[in-house]
Amino acid sequence: MALTKEQIAQRIAKELKNGYYVNLGIGIPTLVANYIPKGIDVVLQSENGLLGMGPFPTEEEVDADFINAGKQTITTLPGSVIFDSAYSFGMIRSQRIDLTVLGAMEVSQNGDIANWKIPGKLIKGMGGAMDLVASAKNIIVTMMQTNPKGESKLLPECTLPLTGKKCIQRVLTDLGFYEIKDGAFHLTEIAPGVTVDEVKAKTAGKLVVSATLKTIEV
Amino acid sequence: MNKVVANADEAVKDIPDNAVLMLGGFGLCGIPENSIAALIRKGVKGLTCISNNAGVDDFGIGLMLQTRQVKKMISSYVGENAEFERQLLSGELEVELIPQGTLATRCMMAGYGIPAFFTPAGVGTEIAEGKETRVFDGKEYLMEYAFKSDFAIVKAWKGDTAGNLIYRGTARNFNPMMAMAGKITIAEVEELVPEGALDPNEIHTAGIFVNRIFKGEKYEKRIEQRTVRRS
Amino acid sequence: MNKVVANADEAVKDIPDNAVLMLGGFGLCGIPENSIAALIRKGVKGLTCISNNAGVDDFGIGLMLQTRQVKKMISSYVGENAEFERQLLSGELEVELIPQGTLATRCMMAGYGIPAFFTPAGVGTEIAEGKETRVFDGKEYLMEYAFKSDFAIVKAWKGDTAGNLIYRGTARNFNPMMAMAGKITIAEVEELVPEGALDPNEIHTAGIFVNRIFKGEKYEKRIEQRTVRRS
Amino acid sequence: MALTKEQIAQRIAKELKNGYYVNLGIGIPTLVANYIPKGIDVVLQSENGLLGMGPFPTEEEVDADFINAGKQTITTLPGSVIFDSAYSFGMIRSQRIDLTVLGAMEVSQNGDIANWKIPGKLIKGMGGAMDLVASAKNIIVTMMQTNPKGESKLLPECTLPLTGKKCIQRVLTDLGFYEIKDGAFHLTEIAPGVTVDEVKAKTAGKLVVSATLKTIEV
């Protein structure tokens, strides 16, 4: 069975280590916040200018001056810090973020990523994605293995305009967890009940199945 | 040092057609609501707006799009705006998209008197087209320039008559850098206090960068995504 | 997020010989007194110190000069120090002088992940020798690089256990930029408080940049030029 | 009579305009603060990180955390702001300072300035001087017309290592006020009782006496 979005988020949450500063993109990455393991102290960064993002507010707590990078109303926590957007991207560029999780439309076997623009469709903009992918030292890209047409999103080369070049080392899809190295997707973990053949069929880029392939625990 | 002007109309009265403006805010958070309303009343045209976002159809910069006052947007993200889409597709509106960190830093550098700097954002993408690249310690960077703007319009929480500003929460966002970056900087504040009422240690923007300040009226502070949890 | 270490000795214990250190402070104002004392107790040698000044004979970095722990000073102004002069003239000590604004900005850029930038300071002087120059809008600039340092040691007024810092008065000076710039950043504070005790809106240095924090003991806060008026 | 240091400071104070932000260097420039005309509101910047520098503290007010760029204990005023040194030089480089007054050892007829280093003597460093002269749009250099040996400090070319190149437009000495343009010192004002011949004798660089030469009021 392919992983659900919640299961993808749960698997990523296992990558969290005590003391991590983490930036979670919009979509599946945001769900990771719901699965932070007990006893693991992580701080969430929101690139509009907040470190220590708390949960959504209660109706009474809603405050228009406190939003996250997805423009959702949020709260702060003890130890939170507010700063301006230049300072925020300063900490991103100087690699103080321990883990960055973001979605993508396509990833290539060289580690290129495309997630901001579809030619012919209306362009909304890259927001902070280009800064994040070019700067972060530890990125997990998470997405479905295929697009709604059933085409693989793990490609020899991206077909869409790039967000960043040779910057992605790890991808988690609903079918498997991949390490990108030496110009190939190395399947290191596979979703329970999914066959290697299915993964092969749905990976357009070069695939290497790890000798130590594990099944993702859900 | 008294930089107080009577109101928003007074503050924006000499902004000419075709001016390049910086407008603070992220989404609808921390935007200069009163100044935008005054720009619409004034009817100034052909504006180039440097702002992270373009508002929504009926709030923020979106209002100036409705009135066709904007010639060009320089932003990092411009979704959530149907009129914007229409003008963009019809060719009425120009858009230049810039990575958010680069946008913030190009504002900051203008305030810091640094004409150019290097950032990795956008290397190998279409953003890099025509730009000088350079390798430092084995990593490739783009050279980016400080923005030039005629007016910067920012929104703060508290300000004193000398133009010193304090922002509140994530409404800070782009405002401090833009405040430093305008040839003329206009600040609107929720609370206007006398000199000495703000702790010198807690001020986010030094008044030296602010040319005009006024107390804004009736802040709506529209929320774009009202997300709540059960209490 | 707990970054508290027991004391200064614990904080500096892994600083090796020949390390490159940043030390906050301007003159004797806002210097990490406790960490300097611990470095002397530890006896680490061959240090390169990036610090705006070099202290006086019997205080600040001057104390580390007395014990011959410093190989090189990178500063903007190094007067007021007889032992410094002696070591400089005898060739025991290397000195690299850098304009104060360039020094501050090279620290800041390290924290901002910007490897190089342009500044007009020093154009046409010996500071420009061997440096790339470039003209922007008819004015000449030097290209300067972000500093690299192994440890940054700063002094703040208040800090919380997560490493968030607030400075006091002009003791702020170089500390916020250096705090952002170290591979490892050590902060000593007069008051150490729990997370949540500092207003998120008033914090000058975000804890993400700080690796270790401790409460310093008995701050002397020596005054270099005691100037007073009649009351 | 040549001007005293106080008279030099008084003359400079007449250049202050309401609303000016001013940076005063160490030495004579500092004295200018004593002669700010009544009704003229100026804000003093200290480049270590303070805007709105107040007078020296009383004994009771002395606070080691409040010093100026000369490392003297000072006070703040209502409306003062504290900031870090990078922000401080940011406002200097982006030309927010309306008037900068600083001392010099030598000035050349091209507007070069030398004020930080004497070969063979111990070097103390340039501090913020190179940033200030390269950035400020309105600088007055103030110094004695001659050095202790009686040699002119207004030169065809500086003999000492430069602090900045072609950046000085105005010089006030104990003998006169000069505008530097077209490769010459243009004497626009002269100290009372000083003759043009004396100025000529003590100006090594090219001197032009203004057709509208005025006497400095003291």
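Residue numbering begins at 1 within each chain, and the chains themselves are lettered A, B, C and D in the order written.
FYI, a contact is a pair of C-beta atoms (placed from the backbone, for glycine too) under 8 Å apart; a residue touches a chain by one contact, two chains touch by 3 or more.
Bear in mind the structure is a predicted one, so any value in this text is a computation, not a measurement.
When the interfaces A-B and B-D are ranked by how many C-beta pairs touch across them, A-B comes first.
If you average the Cα atoms of subunit A and of subunit B, the two centres end up 29 Å apart. Chain centres here are Cα averages; for subunit A and subunit D they lie 56 Å apart. Inter-chain spacing, taken between the CA centroids of subunit A and subunit C, is 36 Å. Across the assembly, subunit C contributes residues 105, 112-114, 119-120, 168-169, 172, 200-201 that each touch 2 or more other chains. Contacts with at least two other chains are made by residues 50, 76, 82-83, 86, 89, 92-93, 135 of subunit A.
Chain contacts here follow an irregular pattern that is not a line, a ring, a star or a complete set.
Working note: touching chain pairs come out as A-B, A-C, B-C, B-D, C-D.
Of all residues in subunit B, those touching subunit D in their complex are 1-2, 110-114, 160-162, 164, 180, 194-196, 200-201, 203, 206-209.
Looking at the complex, you find that subunit D touches subunit B at residues 19, 21, 41, 43, 45, 50-52, 76-83, 86-87, 89-97, 135. Here subunit B touches subunit C in the complex through residues 105, 109, 112-120, 134, 136-137, 139, 141, 145, 166-169, 172, 200-202, going by the rule given at the top. Partner subunit A is touched in their complex by these residues of subunit B: 26-30, 52, 75-79, 85, 88-89, 95, 97, 99-105, 107-108, 119-127, 157, 168-177, 204, 221-231.
If you check the complex, the residues on subunit D that touch subunit C are 46-50, 55-60, 62-68, 70-74, 76, 82-86, 88-89, 92-93, 112, 122-131, 134-135, 161-166.
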